[in-house]
Amino acid sequence: MEPIRAEEGWFVLHSFYTVDRRHWAKLVDSERRDAEASFAKVLADYRLGANCQVNSYAILGHKADFGVMMIDPELGHLSQTENGILRAFPPGIITPSYSFFSLTEISEYMSQEKDYDRTLREKDGLSPESDEYKTKMQAFRDRMRFYINDRLYPKIPEHKAICFYPMNKSRGSTYNWYSLDFDSRKNLMAGHLVSGRRYQGKVKQLVTGSVGLDAWEWGVTLFADDPYYFKKVVYEMRFDEVSARYGEFGDFLVGVRLEPAELFEHLKL
Amino acid sequence: MEPIRAEEGWFVLHSFYTVDRRHWAKLVDSERRDAEASFAKVLADYRLGANCQVNSYAILGHKADFGVMMIDPELGHLSQTENGILRAFPPGIITPSYSFFSLTEISEYMSQEKDYDRTLREKDGLSPESDEYKTKMQAFRDRMRFYINDRLYPKIPEHKAICFYPMNKSRGSTYNWYSLDFDSRKNLMAGHLVSGRRYQGKVKQLVTGSVGLDAWEWGVTLFADDPYYFKKVVYEMRFDEVSARYGEFGDFLVGVRLEPAELFEHLKL
Amino acid sequence: MEPIRAEEGWFVLHSFYTVDRRHWAKLVDSERRDAEASFAKVLADYRLGANCQVNSYAILGHKADFGVMMIDPELGHLSQTENGILRAFPPGIITPSYSFFSLTEISEYMSQEKDYDRTLREKDGLSPESDEYKTKMQAFRDRMRFYINDRLYPKIPEHKAICFYPMNKSRGSTYNWYSLDFDSRKNLMAGHLVSGRRYQGKVKQLVTGSVGLDAWEWGVTLFADDPYYFKKVVYEMRFDEVSARYGEFGDFLVGVRLEPAELFEHLKL
Amino acid sequence: MEPIRAEEGWFVLHSFYTVDRRHWAKLVDSERRDAEASFAKVLADYRLGANCQVNSYAILGHKADFGVMMIDPELGHLSQTENGILRAFPPGIITPSYSFFSLTEISEYMSQEKDYDRTLREKDGLSPESDEYKTKMQAFRDRMRFYINDRLYPKIPEHKAICFYPMNKSRGSTYNWYSLDFDSRKNLMAGHLVSGRRYQGKVKQLVTGSVGLDAWEWGVTLFADDPYYFKKVVYEMRFDEVSARYGEFGDFLVGVRLEPAELFEHLKL
Amino acid sequence: MEPIRAEEGWFVLHSFYTVDRRHWAKLVDSERRDAEASFAKVLADYRLGANCQVNSYAILGHKADFGVMMIDPELGHLSQTENGILRAFPPGIITPSYSFFSLTEISEYMSQEKDYDRTLREKDGLSPESDEYKTKMQAFRDRMRFYINDRLYPKIPEHKAICFYPMNKSRGSTYNWYSLDFDSRKNLMAGHLVSGRRYQGKVKQLVTGSVGLDAWEWGVTLFADDPYYFKKVVYEMRFDEVSARYGEFGDFLVGVRLEPAELFEHLKL
């Protein structure tokens, strides 16, 4: 297959699996250790790919036994590894119960240099020639560059717990996000960002775009060491006008990050 | 796995299972008794953990054969016991048909000391220096401490029957809970609490938070010796404005509390 | 298990099953006749319980092969018989495809003595001391006692056909049943009762309450010798304001009453 | 089982099946030919029943492999043939994936003699004694008798293709069919009938009633030699006010009529 | 079966499959290579049919392992090839997880000669006798003939990636597409076409009609070499009034075009 790279951003796949324990129990011990070694190898090999990232998670409840989150600049490689995970186990042992396909993206509502220029000149009364203007503008540019990198070319954080959920903006007859003009949307999103920042350090958030790629418009992945903060941040953001009026949410999957050996130990495989 | 504890509250898992009776029938009697002993041991061992609680229930109808409700201050321990229950049975005998993951929490609408202080001074005309004020305020503080403990660090009640259902607050275009201000929400909740109290002694209620953790925002667990009161209290509360206008409810699962030996006897396993 | 009796009403379980014909075909004839005898015995034994009632039905279409409707004053007995039906068949032969758990109840909108007293005095101009008043009031009390008995302690009718469907009252933003006051609801229900009575003798209706017990608020069971009247009565009642504006309906299951021997003959088991 | 006949109309069952090809492949050739012969015989025997009609169809796409449409004046006979089709195949080979149970019915909005009488007298100025009146009225009565027969006692047409879909009239808060008065509904239906007639000769339509019998209120079966006309007629009727505002539609199943031998050849069974 | 051809347009089937890897693993190598050869032959033979087209795709995520898109002027041939694909594999190895049946069609909102005539005469002031009028009108006719051919008799493009999703026009109480007059609909569609054209060269779109044929009203198939453009074009079009107010979308399936040999290699079959 010829390589498929996105003009902007990296491909992301969240994939969740259940284990058929009846068939697992029929394996002899060497087959089980082979499965563990193969699964570990698929993940390790994948990480050798340039910018390829993958983590595995034990998932709580009946929705899945475990999941992986993969980021890849090349779609064929991602798709082959998806097949590779299935084949790391003896056939039929694991079944994908849910998956989500998306692309990293920057928000179209992110701050723009021209807006900040206006703020510095009109609100702060700074001349573009002044040192203060130049320092502040340089800092702004650095922040933006950092933000863009962080969204388009993210590194999967190493926190203990993960939370994934898909999201839409509503298209109801009264509150229709797609009928608002750009500035209204930008203002609504700005308030939302402030809420999100309140838990900086506690929760890291990655929003990836899936319009035209999956059943929902965005996928949200949260990372934290204490899942209490998943509840805290999602609950508080729900009161932001943009969520209250325009947010639609799918199911939430919560998991704990475990490398293959720990995961097999945890699932008693 | 490193321990994962919540900054506030304990982790709660409701998990419901169906039994594959065709495969159960193929077991020899010693395997069946081993399963029963293992299941009993997983529950007994779990209860040895500090503040770890678990009860098992026979569930009515086609939704599940039985269920467990687990409360745990530590997520890894909870998740391992979830796996332990699966493995207490020969592989594939039980399958989780539904589960719900949440955290204990106190309501943000609970009475506050500063509100009660105002009531005592302005409505009752008491001086903060008076003995009556001090006695009443102390009683209030005791009640609140008891309430907080009861919600954050609950003990699973021993009533004969259980009812579990998940719940959302509506985000419709006309009635949107998350667009109301705090005082409006507090007033709506206050009326609701009065309805709930009408059946004190008959029905015990535990509301746990699942925003950001599961598909619904809250899980409600009711405990009673007579399921008639599940119907009575849920029906009456449905007329409270907060339920009528803002409550959205999932499926209701009703069960009867049975210790492992009784449960196996009841299910004829 | 200790007995669980409702403070008011009897427990009702509708349970529907599909037959795994591949595994049935593998049984030898004696196993099949044993299953038939066991199923018949579970039902016959159940009927020996005080006020315990059960009927079996062949169900039309793909939703189920057969169903049972059980009424029981004691929940443990009901739940054990539910398990007994499963075990009457070799393991895994039948699978519950749907069930509905409810309690018999009287409508809170039924006529009250005080209303009828007012009618007699104010509208009919009768003195409470008059013989006519006394005769009429006595007849009213008899009718109400009959009605209450019929709803709380019903006998499953012996008609040829059955129709079951679950029902909610709507909680939409425009038409919200639970935001109406009691008198408005009582008036709306009154018109509905008139429609229902039009087919007295042709269709018998039993409404049982499931708020807090199952996914819907009420279960409606219709009994008739000609299913044409299921269509007729449900269609006509749909135009009553209470149905048109406030009724929400689930799936409809239609069946034909057959005792175990006839049912096995009909299903060619 | 005692015969169950409807006071008005015939019973109709649409039933759709998937074939388990893994188990089919394990049959020896004689078993396969037996299945084909049995299936053909069940259908042929059924057609011997007075007014009993049945056709079989290969279904497009993943929804089913094939389907049958049965019309029967007697419910027990219909239900037994439903079981007979399952048993024509070795056990477990076919599984019903969907079914729909309904009764033939005449529309309550059909033209009435008294309306036509008024038209002839007031609009056309004809005297009821005149020959022209009598001729026209006789023709009207013939048309109505034909229409009633065609709806209550229909013959399944022999066209090459079939399309089945279920339908409701909406009960939304703004557009509620069941809150309209009879004349408004009759007028809305009249416009609809005109659209339907535009494709007379190309598409034949049969509407059967399922209120109180199945999950939807009506079943619509279309017959045509070219499925292009299914699209054409359904699309055009969607703009009729009665559809645009009040019509709710389920899934559409499209099939090609094939007698058992052709069907087995087509499915390569 | 007699041939079934549409009065206008070609039949289209999108069909998606999952592979049962447990049973695949039990095949011996020659059986696997036979399956690959058979699958390749079914597709190759199909392409020999006049105007018959088929492509195969590896699908991302849990929704399917692979899919095919088929275009055929004759329905029986299409349906037989659908069965042929199933039978190319040993029985039960692949299962259709989703499919979509539609017909190619031209939009009723396409530009009309009479509109362009008016533009040329009234807006551009050209006489129908002038050379410029004649040249421009001829070019218009060529464009329209090309457009009609492209929609009614399309060629499946050879791009690397495919995206399929089904679509409805809303029939809500506020925004009801089917209650708008023709000119309003035409104007809304015109704005939409402009958005679509913005990515000409990057994304090729095929809209096929399924009113009366499948559960949704239209199927949209997008083709691109970079799936980034699926996201880009669908996201931008979502802001067009016709999408924002009237568009309803089903699930999105994304795949990569692979000929049978590559597909088997990719899926490691």
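So that you can tell them apart, the chains are marked A, B, C, D and E in the order they are listed, and the count of residues begins at 1 in each.
Basically, contacts are C-beta pairs under 8 Å (C-beta built on N, C-alpha and C of every residue); 3 or more make two chains touch, one makes a residue touch a chain.
All of these numbers come straight from a predicted model, not from anything done at the bench.
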Chains contacting each of chain C and chain D, listed by label: none
Same-site or different-site touching of chain B by its copy chain C, using the half cut: different
Centre distance in Å when chain D and chain E are each reduced to the mean of their C-alpha atoms: 30
Cα-centroid distance, chain B relative to chain E, in whole angstrom: 49
Where chain D touches two or more other chains at once, by residue number: 23, 173-174
Category of the chain touch graph - line, ring, star, complete, other: ring
Chain D to chain C touching residues, read off their complex: 1-2, 4-9, 11, 13, 15-16, 23, 75-76, 79-80, 82-83, 86-87, 90-92, 96-101, 103, 105, 171, 173-174, 176, 178-179, 209-215
Residue numbers on chain E that touch chain A, as the complex places them: 20-25, 58, 60-63, 160-161, 163, 165, 172-175, 222, 225-235, 238-239, 241, 243-245, 247, 250-252, 254, 256, 258, 262, 266-268
